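Pasting a structure here, questions to come.
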Amino acid sequence: MKPAAFEYHTPRTVDEAVALLARYGEEGKVLAGGQSLVPLMNMRLARPANIIDINRIDALAYLRRERGVLRLGALTRQRAAERSPIIAQHCPILRDALRLVGHAQIRNRGTVGGSIAHADPAGELTAILLALDGEVTVRGPKRTRVIAAADLFVTYLTTSLDPHELLIEVRFPLPPEGAGWSWMEIARRHGDFALAGVGVVLAVRRGRIAEARIGLTGVGPTPVRAAQAERGLVGQPPSTALWAEAAEAVRGAVEPDGDIHASAEYRKHVAGVLTLRALQEAYERARKVA
Amino acid sequence: MSTRYAGARVPRNEDPALLRGRGLFVDDLALPNLAHAAVLRSPHAHARIVRIDAGRARRAPGVAAVLTHADLGEFGGPLPMLIPHPTLIHPKTQQPLASSVVRHVGEPVALVVAESRYAAEDASDLIEVEYAPLPAAVDLTAAAAPGAPLVHANTGTNVCAHYTQRVGDVEHAMALAPHRFRERLVVDRGTASPIETRGVVASWDPRTQRLEIWDSTQAPIPIRNGLAAMFHLPQPSVRVVAPDVGGGFGPKVMMFYPEEILVPLAAMRLGRPVKWIEDRREHFVATNQEREQIHDAEIGLDETGRILALRTVFLYDAGAYCPYGLIVPIVASTTLPGPYRLPNYHAEFNAVFTNKTTVSPYRGAGRPHGVFVMERLLDRAACELGIDRTEIRRRNLIQPDEFPYAVGLIYQDNAPVEYDSGNYPRCLEHATEMIGYAGWADQQAAYRAAGRCVGLGVACYVEGTGIGPYEGCRVTVDPSGKVFVSTGVGTQGQGHMTSFAQLVADQLGVTPRDVVVRTGDTDGFRWGTGTFASRAAVVAGTAASLAAQAVREKTQLVAATLLEARPKEIDLAEGKVFVRGVPARALSLGEVAAAANPLRFAMPAEWEGPGLEATRYFAPPRGTFSNGVHACIVEVDPETGMVSLLRYVVVHDCGRLINPMIVEGQIHGGVAQGIGGAYWEKLAYDAQGQPLATTFMDYLLPTAVEVPPIEVGHEETPTPLNPLGVKGAGEAGVIPVGAAIAQAVEDALRPFDIHITEMPLSPNRVRQLVAKARRTP
Amino acid sequence: MKIDGTNTLPASVDTVWKTINDPEALRRCTPGLKELKAISPDNYAATLQIGIAAVKGTYAGTLRITDKQAPTHYRIILEGTGGAGFMKGEGTVDLEPQGDGTLLKWVGDIQIGGLIAGVGQRMLGGIGKMLIGQFFKCLEESLGSGS
Amino acid sequence: MRRREITLRVNGTTFTASAEPRKTLADFIREDCGLTGTHLGCEHGVCGACTILMNGQTVRSCLMFAVQAEGAELMTVEGLADGDRLHAIQQAYWDHHALQCGFCTPGFLMTTVEFLQDHPQPTEREIREGLAGNLCRCTGYQNIVKAVAAASQMVAADPHWVPRWASPEPPTAARASAGNGGTPTSRKRTTRSKPVKPSRSPRRRRPKR
């Protein structure tokens, strides 16, 4: 189980990296944390002719909060984000989800940008980016453009980036102050890909739900935003019955695949179960803050 | 002489080197001019090989050789039949490289040797093989049915053996039984997955005409003997070393895996050492697997829950070949009766070829299946007859005064199954005490009131261990005072370097640290069979103790002349040899060893040769039977099917304990593997025989989070079958885990009245059971 | 892995039949099909390049059409072998008129073997469905655009 | 493919060797540095046997290419003991029978070094989650969990327990991008003061620019 040969490139700047991508296109592959790519290369399922290793681009490793938005350089390690006091204080759902991404040894290398660009259908960060209406900045040879999460995820492991573009920043709009949150997932083992997972952010004002966000993972080719379920919640007084309605709406909104670990039916069912529980937990947290 | 070390928690001699990263595993071996091999394997479960073109591979940079079947000549196979059986009518073994037909995904087709493993894999990508796919026999039931695609064209059937064992008159007893219950019970495929995969390094020295092999095997001596025969070399011209072996659990006993022939052959042909290290993906298709069986079983009981008769007719999935004969299904059918009186018993199986990886024993080796069947039937009976599940077991247990107890069956070693000793009722009491069975009903009610589904399971087993034919051991005292011990049974982590040292230390009055145990090198000890079937401590341990005893007597003899006393007056302690009661008249053990090897003058005839050294062999008349009871408490989330283990209790009787710390470690590991097989680990195949779990991302070994703390209680009923009174412990942990967890999950979900008949469970399966539950609370 | 589905196509049964027998349409609509050379009628040598993200494989094989019952039924078989393993897609297609369009019913069975099957099981099912979906969507479009 | 000269430090010793870019860091450590204590169990990042410390943080050495570690400070199991004296963590593993075949052990030890820096007084739950990235097939984990708990007590008494190779100076942005991921504020940074042997270059190298 040894990788096939490749040419290795270490750009020091984003411009160098983009130039290399322009030169190699389909023949080039960006190496960030490598925790998903390198296993595929070791198994020779992936045989990129050129590896463009962006790990030396210092400028891409940063994490800051600006005007209600969390800005993460693409190369920020998952572990750094997980440990960031800023995230713990302003976007705890992200911290809670990060803790379930593989294991410490994986997160020490794995990057936030990599998780998003890899777009694993069972990824955690993708679902949260979608639920929070996040966006990414990508740099191409000609221009820099911003892609909204809603337009980013195309299908299995596929985003709307073109092969010449490099993802350079991920932005998570912060949930309103005092909002409750919950990340829940069912995985076979600690650290495994979720069979199904859901992230919920809930803001409650004057006894009614002012804002609701529900993002799911592991239940289809891309992360899913349960928009209809969200609409059903907003303006309503919180109640278990209401959570149950939302859970039903979620079941209706997802079309999971089955695999050897869980059938499509199981995933659909559990997506609902988790939604109900996550809403409850998020609500309780919101209440505590209030 | 007072025992000091046997029975004590002595820290292991082997640990310091391993903790420093100074172990020597096969892959750690670096030899000058070493070449590296990669194996090209079949992507098809069943196909005809139309054409192989290795031309481009042979011309690829850094390639030393490419072997296909056409290049093997007399080594083309088929490989030897390891364990034949009279009822095995189609004893099929594989060729080192497939010639015309591949019969499972992963069957070797070509071997590439190159300057690096990277280059070898590059070249193997260049080998063109044209396959004509054939229909595959995958599903066990379907493969056994007439008209199924044939795994071996010339057999006319996939059933390679049909074997029946009977006790009493089952038909009669069953007909008279007032209560009868039938179950179809299924155990699916799993794999041992030691963290170190297999590996072979071979080196041929044309000057000395000597072949040296380093092999991650549990049985170096049989490998040495087999290779010598195959390569027409006298046994002393072949050395096989099993250095540090990173876990075995059964699959590392084979004779042969293809690579164990191909790598030495390549080394001899090329005149340079060759290394092959199995990668993890290969391990999932090329290393033997186990567990798959389907039992149709029926139990008959009287009004009081006493078993009158039991019948099981089952299918055993042999995989594509059957080099290991019928060991697994025989062990399954002879383990089924367990600790219970079974006056009438009928066990009948068909061993069936399928286009899946070959099956050979994996820790438990059929025992978990037998126990799963027996315990599930008792659970069903208890439930239907309204008898407490521990009570129905108690009523059927063999009593302490009934030993030796002849079960009436023939075991894997062709000896009668005769339980030598034990106290089954006490083990059951001990376990139910530890788990708190008496107060369980209230405790469970409290959980239910709090909306939690928590359940308890209890399961019993008897384990055949310590079978023959024999093992031997040589003990030598060095003038330095160190004691050197050599034996044929290698270790894969069971702690032989310590437990054998304890036994020897007690005889020679030294500490286990003074005793250096060497195993797994055929140059170190020439006779033996290997480490399997929970036999090493029993058979080799006894041999070590006997050899040490002989050395002790020789020491007394030699010291007597030196210290002018009678041998009987000589004592050994703290590394000293002295006259009892006169500690001043003393020599160090090393001094006596030196004196025992005189340079001049006459040597007393009664010494029977120089040195403080002796070799002894132990050949047990038959196996000795350990037993135990497992009890666990699980919590189930009926909405998601997630099961978590809250407590796990093991009460275990393996006779006298040499090192309780090591025995407990063995049990912990066995339980963890059992837990994996009960809920996480499943080798899924698709309808075409493609394995769907060939990575650790899809084949789920439990982690520290999934495995609960394991509480171990010991009972010690010595066996009369060896002077130490010890029984085997290696497999105990894994055996009844599935049975205990199945019962516990049913108990947790009693409000839903679900019924478990298949292993492994999974969140998906548990959820399915709840969804179509016979009741909803 | 068995899958099936129906598509309603905006053209007559005869037009649809022509299209699904037209090598050019097949080449255009079969996902990843790079080359299609006729060996004999209804029997083509095919080169496919199928890949998701970094996992790309080139498969050399054949595309065959059998059991023809013009203009309503055939069986189509696509086979390929490559470094990552092999794949075989087999499906029957049945056409029946529906209004002034055509109802296309298909039943397919995808077999994937070798490396990719043992490693990619988590997503293979879904990806297979996706690719077949693309095939029929493409047909729909080419028919929609009145070919 | 063009070979590259790679220079990195392992347990304080500088190694330079040329290798293909595709050579994994694990293979480089085992073959080119001759340090075979780091083991390969799966080569796809699940089993954790190849876990080492890179610039103070655990990484899977099978999921990195050696070229990526150019200029990095690595620690492997061989760097844990202080001469003949076992490290407290090794001693705890020995005392509690936390290893059987010993193949996965080096990875567990490296994971423990990082874990105890993050969790000086760990609960059993924290220990189990902290070890979940390493697979052991022999022990059922129970004695490993015990050993880590015991080790946490043993090192608590020693402010200099962290081997120096496991704890480089707080990483710069360059280091962060070379694999470090920022400095956790929680991390203890005191390291065991150990005389620098002449064979070891006294000053740590920065990653080559």
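Order as written gives the chain letters A, B, C and D; numbering starts at 1 within each chain.
The definition used in the following text is that a residue touches a chain if its C-beta (ideal position, glycine included) is under 8 Å from a C-beta of that chain, and two chains touch if they have at least 3 such contacts.
Since the model is a prediction, treat every value here as computed from it, not as a measurement.
More inter-chain C-beta contacts link the pair B-D than the other of A-D and B-D.
Overall, the chain located most centrally, as judged by its C-alpha mean against the mean of all protein C-alpha atoms, is B.
Here the spacing of chain A and chain D, counted between their Cα centres, is 29 Å.
Here the spacing of chain B and chain D, counted between their Cα centres, is 33 Å.
Inter-chain spacing, taken between the CA centroids of chain C and chain D, is 51 Å.
If you average the Cα atoms of chain A and of chain B, the two centres end up 44 Å apart.
Residue numbers of chain C whose C-beta contacts span two or more other chains: 83, 115, 119, 121-122. Residues of chain D in contact with two or more other chains: 20, 22, 43-44, 129, 132-133. Shared interface positions of chain B, defined as residues touching 2 or more other chains, are 118, 125, 279-281, 684, 692-693, 695, 697-698, 703, 705.
Going by the touch rule set out above, the chain pairs that meet are A-B, A-C, A-D, B-C, B-D.
Note for the complex: chain D touches chain B at residues 20, 22-23, 30-31, 34-44, 46-47, 49, 76-78, 80-81, 86, 90, 93-95, 97, 99-106, 109, 124, 127-129, 131-145.
Residues 1-5, 43-44, 186, 188-193, 195, 260-263, 266, 269-270, 273-274 of chain A are the ones that touch chain B when the two sit in their complex.
Across the interface of their complex, chain C is touched by residues 43-45, 105, 125, 281, 284-285, 684, 686, 688, 690-695, 697-698 of chain B. Here chain A touches chain D in the complex through residues 1-8, 10, 12, 31, 34-35, 38-39, 41-43, 51, 53, 55-58, 60-61, 63, 75-80, 83-85, 102-109, 189-191, going by the rule given at the top. Residues 29, 37, 40-41, 43-48, 118-119, 121-122, 155-158, 193, 220-221, 257-261 of chain A are the ones touching chain C in the complex.
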